[in-house]
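This structure is in structure tokens; I'll ask about it shortly.
Each chain gets a letter, A, B and C, in the order it is written, and its residues are counted from 1.
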Amino acid sequence: MDFLYHIIIMIGIYTILALAANIPVGLANLLSLAQAAFYGIGAYLSAFVLLNFNIPLLPGLFVVAITTGFFSLLISLASIRLKGDYFILAALGFQLIVFSVLYNWTDVTKGPYGISGIPPPRLFAFIELTANFQFAILSVSLAALTSFLFYYLVKSPFGRVLKSIRSDELSVSISGRNVYQFKIIAFFLSAGFSASAGFLFAGYVKYIDPTSFTLDESIFILSALFIGGLGNVKGCIVGAAVIVILPELLRFAGLPDNIAANLRQIIYGLALILVMLYFPKGLAGDTMLK
Amino acid sequence: METILNISNLNLSFISDRQKEESLFLFRDLSLEIEREKITALVGGNGAGKTTLFNVISGLQRGASGKVNFQGSEITRLSPYKIARLGIGRLFQGARVFEELSILDNMVIGAIHHANEIPFYNLLFYRKSMAFEKGLEEKAEAILSELFGSNNIFWEDRIKPAGNLSFGHQRLLAMARLLMGNYSLYLLDEPTAGVHVQFIEQIASAIRHMNSHSHKTVLLIEHNMHFVRQMAEYCLYMENGKIIAKGHPNDVLASDQVQQSYMGI
Amino acid sequence: MFLQFIINGLITGMLYTLASLGYALVYNTTRIFHLALAVLYVVAAYIFWHVTVVCGFPMFAGIFASVCFTALLSLAIDRLVYFPLFKLKASLSVVLVSSIGVFTVLTNLVALTWGNEFKAFGSDISRIYSSGNLIVTGKQLFQFIASLVLIITFFLFLNRSKTGLRIKAVRDDSELYQVLGFSLTKMRVTVFLLSGAMISLASCLTAWDIGMDPYVGMPILLNAIVALIIGGAGRFESCVIGGITLGILQALVVWQWSAQWQEAITFVVLIIFLFLRPQGFIGEKSRVV
């Protein structure tokens, strides 16, 4: 049973991460390669909060999400100043800097050794979430909440402005919108959502180290998004399910672990190429990358 | 006469990056006044700086010296969105609709910034948000039916993406969208360029609507001289970054100077 | 000690320059954010290793095989992925994502073929040249001379040969190039072949000294991209200026602090350049719309 709970928890986490990436990438067409950085910052902050403060789950989650949100200002500033591939490069740089800090700033992050013994989060100060099935419920509820919020975001006038920025930024500002403000909010929300996935992850595995938040992880999150499809909730859930379940299927097929690891990467890579070439809307998306 | 827009001593030059000593002057001490509630045409040859002048007014072109006054307040160095909120609407060259958005969304987004666009506002204040949206949709319907008749294709296909429309229709939609903004000054950059003849009358009526129904000022760049004669009450002729003739369109277009430089006669 | 670090930095910088030229050949002419070049770097090193260490051929045969194979693989990536996307008028972001896909697929194919572990070239005892406190290994000296010759050859080719001038013409204005009756499709063939050859040479020279695993490509490529940007995107001379600046800067970081902060400092420098001087040292300012 624990295996099933594990799958559910991971699908929940990746659904949240894909939805978070969907805000800048799917709505405003800002290809952010720094999503794992937000995820990582969120996870480390969560570890810090859980280890040092005795605060219940929801306020803790909220604090972590907001704090991570402020880190996103660096990226939104880049999206304002830099166009096209220069923005992509800056986001990539940010991702690598964050990883480097997590890896090398050993006094604070314990570097490559990682942070272990993270206590479980507690619901309402008395229910300790330790069992996997409790976590599965938490993960599914958080993913559902994020989906719900994202759904309202896409439908809202705010989402409409983001989608128009994707189409023609100049026309949006000439219609009296402060485009900068919209980009800042979009990345803030994206970072906040990613951080809540980080919170779930840190609380669930109880041990984090920098290798979970590399550039490869950013690419992995974007793979989930592109395979599932951009612009809606459905695509993110489908994408997250695919990338979480696929490696397990390979394991069931009886492949040795080291081969399975490489093989699953090959499948993701191929999927990315095929999606870009032949199925730009992914499996269940509304829009495509522009 | 009352002016709505007042530009004085505008200077703008580019320094070429390759040959540093050579610089290109776009405007030299350009000054002009636009009269309120009139349709003024800005004409001149290609490269005369007309579109750049629009860019300066709407805040897209930086680095110009001089003053731009709009309704008594200086807007020279404001951001484009602030200038738009003060009441200057702009129609770009080309189609420039939001292709992936529905026709209705294109119209609604033409209305200027409101609290409704705060994220999750629709979640927190569902009724208020819906009522606001409804108001905008009604306004869009009213504008569309006033411009294009009660059974116009825009309203009928309102949930379809605007990118599906023909170029001429996209142009008309962009004009209609501009009316959603309640601007007091409309800057129209070549409204008839590249548009099939059948749409020109509709564009003309949209411009007249801006001007006579809602008493708004229109400044338009136009190469179609027939259209200028038909629409404009006042005409400015621009050459080499300067206004070299102004007055009634017929007089300006008939003057020797303009005939020589523009028509090449 | 200072001078020692400068010399080390210079040699690293020249290897960056080679990789950066490989990237610039594609980027300057097609604007493709060619991340898959990272895996070509890895493939080149493994072919070189396989031919020399496993099959026992001499070093130059290994380099020759590696250059040919990598150039063809580079061309194949364009033909199978980038060019079809170009035909579909795909945006640069779409091409970038597909490039990431290619990178992922090939990296893992390399790992499946040759294993994930670190590989080194046989420790044929390298001579050491020293004068006072300065030490230069024989391999370093070879790297220095070889990359100097390659860089000079490249610029002679670029500025003197017909093909080189055409590459510069495409860089300046690819539409005009087509209007003048030249084929952009043919030019892509040249550019991708050359780019593959260049990255292969950079890779062989580096791997021969320090060995490789399937994941060394991306850090090198990112350094190459940073070199191009700080030098000034759009030109080829910038690879030299940026590459050597970056090599020396990183050596100084190692000297003053420690090697672990190299990467972070590199990207901080990149971001500073992107914000404050996006045209790099010698690039031209791009016009705002």
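Operating definition for what follows: contacts are C-beta pairs under 8 Å (C-beta built on N, C-alpha and C of every residue); 3 or more make two chains touch, one makes a residue touch a chain.
From a predicted model like this one, the values you see are computed outputs, not experimental measurements.
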If you tally contacting C-beta pairs, which pair wins, A-C or A-B? A-C
Which one chain sits nearest the middle, judging by mean Cα positions? A
Taking each chain's centre as the mean of its CA atoms, the one lying farthest from the centre of chain C is chain B
Centre to centre, by mean C-alpha position, how many angstrom separate chain B and chain C? 48
What whole-Å value do you get for the distance between chain A and chain C if each is reduced to the mean of its CA atoms? 31
What is the distance, in whole Å, between the centres of chain A and chain B, each centre taken as the mean of its C-alpha atoms? 41
Quick check: what residues of chain A touch more than one other chain, meaning two or more? 170
In the complex, the residues of chain B that touch chain A are 58, 60, 79-81, 84-85, 89-90, 92, 96, 98-101, 105, 108-110, 112-114, 116-123, 129, 133, 181
With touch defined as at the start, can you tell me which chain A residues reach chain B in the complex? 149, 152-153, 155-158, 160-161, 163-164, 166-168, 170-179, 185, 189, 287
Which of the residues in chain A come into contact with chain C in the complex? 29, 31, 78, 81-82, 84-86, 88-90, 92-94, 96-97, 100-101, 103-104, 170, 215, 219, 222, 226, 258-259, 262-263, 265-266, 268-273, 276-277, 280, 288-290
Flag every residue of chain C that touches chain A in the complex, lowest number first. 31, 33, 81, 84-85, 88, 90-98, 100-109, 111-112, 116, 218, 222, 225, 229, 260-261, 263-264, 267-268, 270-271, 274-275, 278, 289
